[in-house]
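Shared chain: chain A. Partners: chain B in the first complex, chain C in the second.
Let's turn to the complex of A and B:
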């Protein structure tokens, strides 16, 4: 199975449910293929590539599609059934980077003080304490637990700095979720996800989605907060060389703080999930960058 | 290989960072707080971030992504995620020889000793980026004519002085301008210009307008050609 065939087995987000107009056709792209997202007058949604229909489904505030006739099941987010939460789809951000780099950045806390200065982190609180990373064998997911980080403003609703606890889940190569300390309640955790739509190997639309316990902020405020964070991420994501995610351990230098990234890269390699990855250091684009 | 002019010394003050290119190498050029110049490959060994987005902390350049600090000797000195760790000596950036001479920042990508010949007493005029290839500008310079608002058509004596280097003499005024051409990626280039030290700041402003006109003419011709 080559990179694109492997990638074609999954579901991908291509639009926000609340954002579609009746009797409307939108054009977008997935895995280098042009597709059309059609909403009928009746509200029925369908997706076509070269006039052929693809599978679609609605979940977690988004429309998902897959080029495969028999896609792998979409991952489960149990919190999506919790009606005490507010569900916040945030729209999309176009990023000129590999979809895999976008996911890896989402799994990283060490950049908070430098990229999200005075919001998700601040010097001198830069230390990343040891945490655990596993592969959940039954669900086949990368899981990082006991990640702790000091944050000046962990969420829109936070008024003071707190040490935030994080759990990360990567249920499929281009989707990731985090569970973090909720600033208002200590018995529950907020959920933030990024669903990544790979337009091609070097461009993606990132669809953040949140399921929060926040009864103070308006929807617009919560979206604005998440968009600000993501625009800050984009400024680094569009400036990493090479654009594709390197899977050869010789190409970049991880430390203990990067354990999640190391596990993610290994897991991608094991699955042959290399759409958006650079597999070897003999790749021309890598050699040219030296 | 010769040294390449990549910018004016005056445009990179102490504690500042810039991005440049030589022969398709993406470079970061920075000056420490004490004034030491360095030029490295524009890529952080940690996760590939362009170091030109980073910031200077004392005698180190810090990457903007996770804040790793690199000293002037290219070695990683500090990893903020592990404040107590002494980073292994193998974590290094890749350096190229760089130096200031005659008001210009020079980079020598094969690290051979090559001292460009340039008078030491020149004054900076300006650096100007052109949205057209260097060859286009090189072809334009010998033909170049300029009507000054005050003095009318200037009598210019234009001489090529070697690789990417031109001298424009404004006859009758005894004024000299030195142009250093700099090839950039994506069909662009830059000119780093200086003058002799007898040129007043008012006259350097005139020279700067002359350069703008050269840019206007070169870009216009390129647009026609590219269309």
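Let's turn to the complex of A and C:
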């Protein structure tokens, strides 16, 4: 199975449910293929590539599609059924980077004080305490637990700095979720996800989505907070070289490489999930970047 | 409160007002408006407030302003008792030049600003035209700032910053957000780079996504891929 065939087995987000207009056709791209997202007058949604229909489904505030006739099941987010939470889809932001780089950045804690200064991190609190990373064999997901980090403003609703606990989940190569301390309640965790739509190997639309316990902030405030964080990441992502994610251990520069990132890269390699990745250190783009 | 600002954190135009308020140390009430994805600024409720259907909106008592140049002028008149930012007493020439660069700032919004919105959120725009216009605007500001430097002037119209600098700063600083290899990065513009540096060094400077503070300039800082973070780039 080659990179694109492997990638075609999954579901991908291509639109936001609340954003679609009736009797409207939108053009977008997935895995290098032009597709049309069509909403009938009746509200029925369908996706076409070269006039052939693809599977679609709606979940977690978004429309998902897959080029495969028999896609792998979409991962489960049990919190999406918890109606005490507020569900916050944030639209998409286009980034000129590999879809895998977008996920890897989402998993990295060490960048918080430098990229999200005074929000998700602050100097001198730059140390990442040891935490654990496993592969959940039944669900086949990368899981990082016991991640702790000091955050001046962990969420829109946070009024003070707190030590935030994080759990990270990577249920499929281009989707990741985190569960973090809810600033208002200590018995529950907020959920933040990024769903990545790979336009091609070097461009993606990132659809952040949140399921929060927050009865104070307006929708506009919660969305703005998440967009602000993600635009800070975008500045970093667009400047990473090479654009694709290197998977060969020889290509990894040990500084600040964190455990989750290493586990994620290995897991991708094991699955042959190399759409958006560079596999060999003899790869032209890698050599050129040196 | 001195005024209310209907604001969107990712907007360069809104940032002009936040930045100037911070420099002048003026408190205000901030209301977040969901510019994207909901286009709340075009909602019935917001159009009731300002027919322009744009952000930011500044409200003070019964006065509603929708143009940032007018807001900056109003703020300078109202809160800058030393008349540094709108130096009315320094003569007609200087004031006319300030107005000229305030006008120029709207070209930056129409070119850099629109191309950037397209790059981030796919907002429809004639992209080639916007990028070409953005390049032209950057070249114009670069050659002007170069001439200014011959007269030992670090800013657009004077040796001190004025509201013209605040008006032009955001979209010049944000031009790399439009994308790589489009001629909109700051590498080829040394005069722009030092002007951005001068503005970032002002007391009260605040960042926005895409515009990062000076103290993040750490040459030895690298991320796990061995790259310097974008925050380390001037501008």
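FYI, the second predicted complex is superposed on the first by the 286 of 290 C-alpha atoms of A that agree within 3 Å, B and C clash if a C-alpha of one lies under 4 Å from a C-alpha of the other, contacts with A are read in each partner's own complex, and residues count from 1 in each chain.
Note that a contact is a pair of C-beta atoms (placed from the backbone, for glycine too) under 8 Å apart; a residue touches a chain by one contact, two chains touch by 3 or more.
Quantities reported herein were computed from a predicted structural model and do not represent experimental measurements.
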item	value
First, second, both or neither for A:113, with chain B first and chain C second	first
Touched partner set for A:80, first chain B, second chain C, both or neither	neither
First (chain B), second (chain C), both or neither touched by A:167	neither
Chain B versus chain C as contact partner of A:279, first or second or both or neither	neither
Partner chain(s) touched by A:94 [first = chain B, second = chain C, both, neither]	second
Touched partner set for A:188, first chain B, second chain C, both or neither	neither
Which of chain B and chain C A:224 touches, first, second, both or neither	second
Contacts of A:128 with chain B and chain C, given as first, second, both or neither	first
Of chain C and chain B, partner touching more chain A residues	C
Where chain A meets both chain C and chain B, residue numbers	108, 110-111, 114-115, 235-236, 239-241, 246, 252-253, 255-258
Complex contacts: residues of chain B adjacent to chain A	24, 26, 41-43, 45-50, 53, 64-67, 79-83, 85, 91, 94
Of chain A, residues touching chain C in the complex	16, 19, 89-94, 96, 108, 110-111, 114-115, 117, 218-221, 223-224, 227-228, 231-232, 234-236, 238-241, 246, 252-253, 255-258, 261
In the complex, chain A residues that touch chain B	108, 110-111, 113-115, 123-124, 126-128, 235-236, 239-242, 246, 252-258, 288-290
Chain C - residues contacting chain A, complex	8-10, 32-34, 36-38, 40, 119-122, 177, 179-180, 209-210, 212-213, 216, 221-231, 233
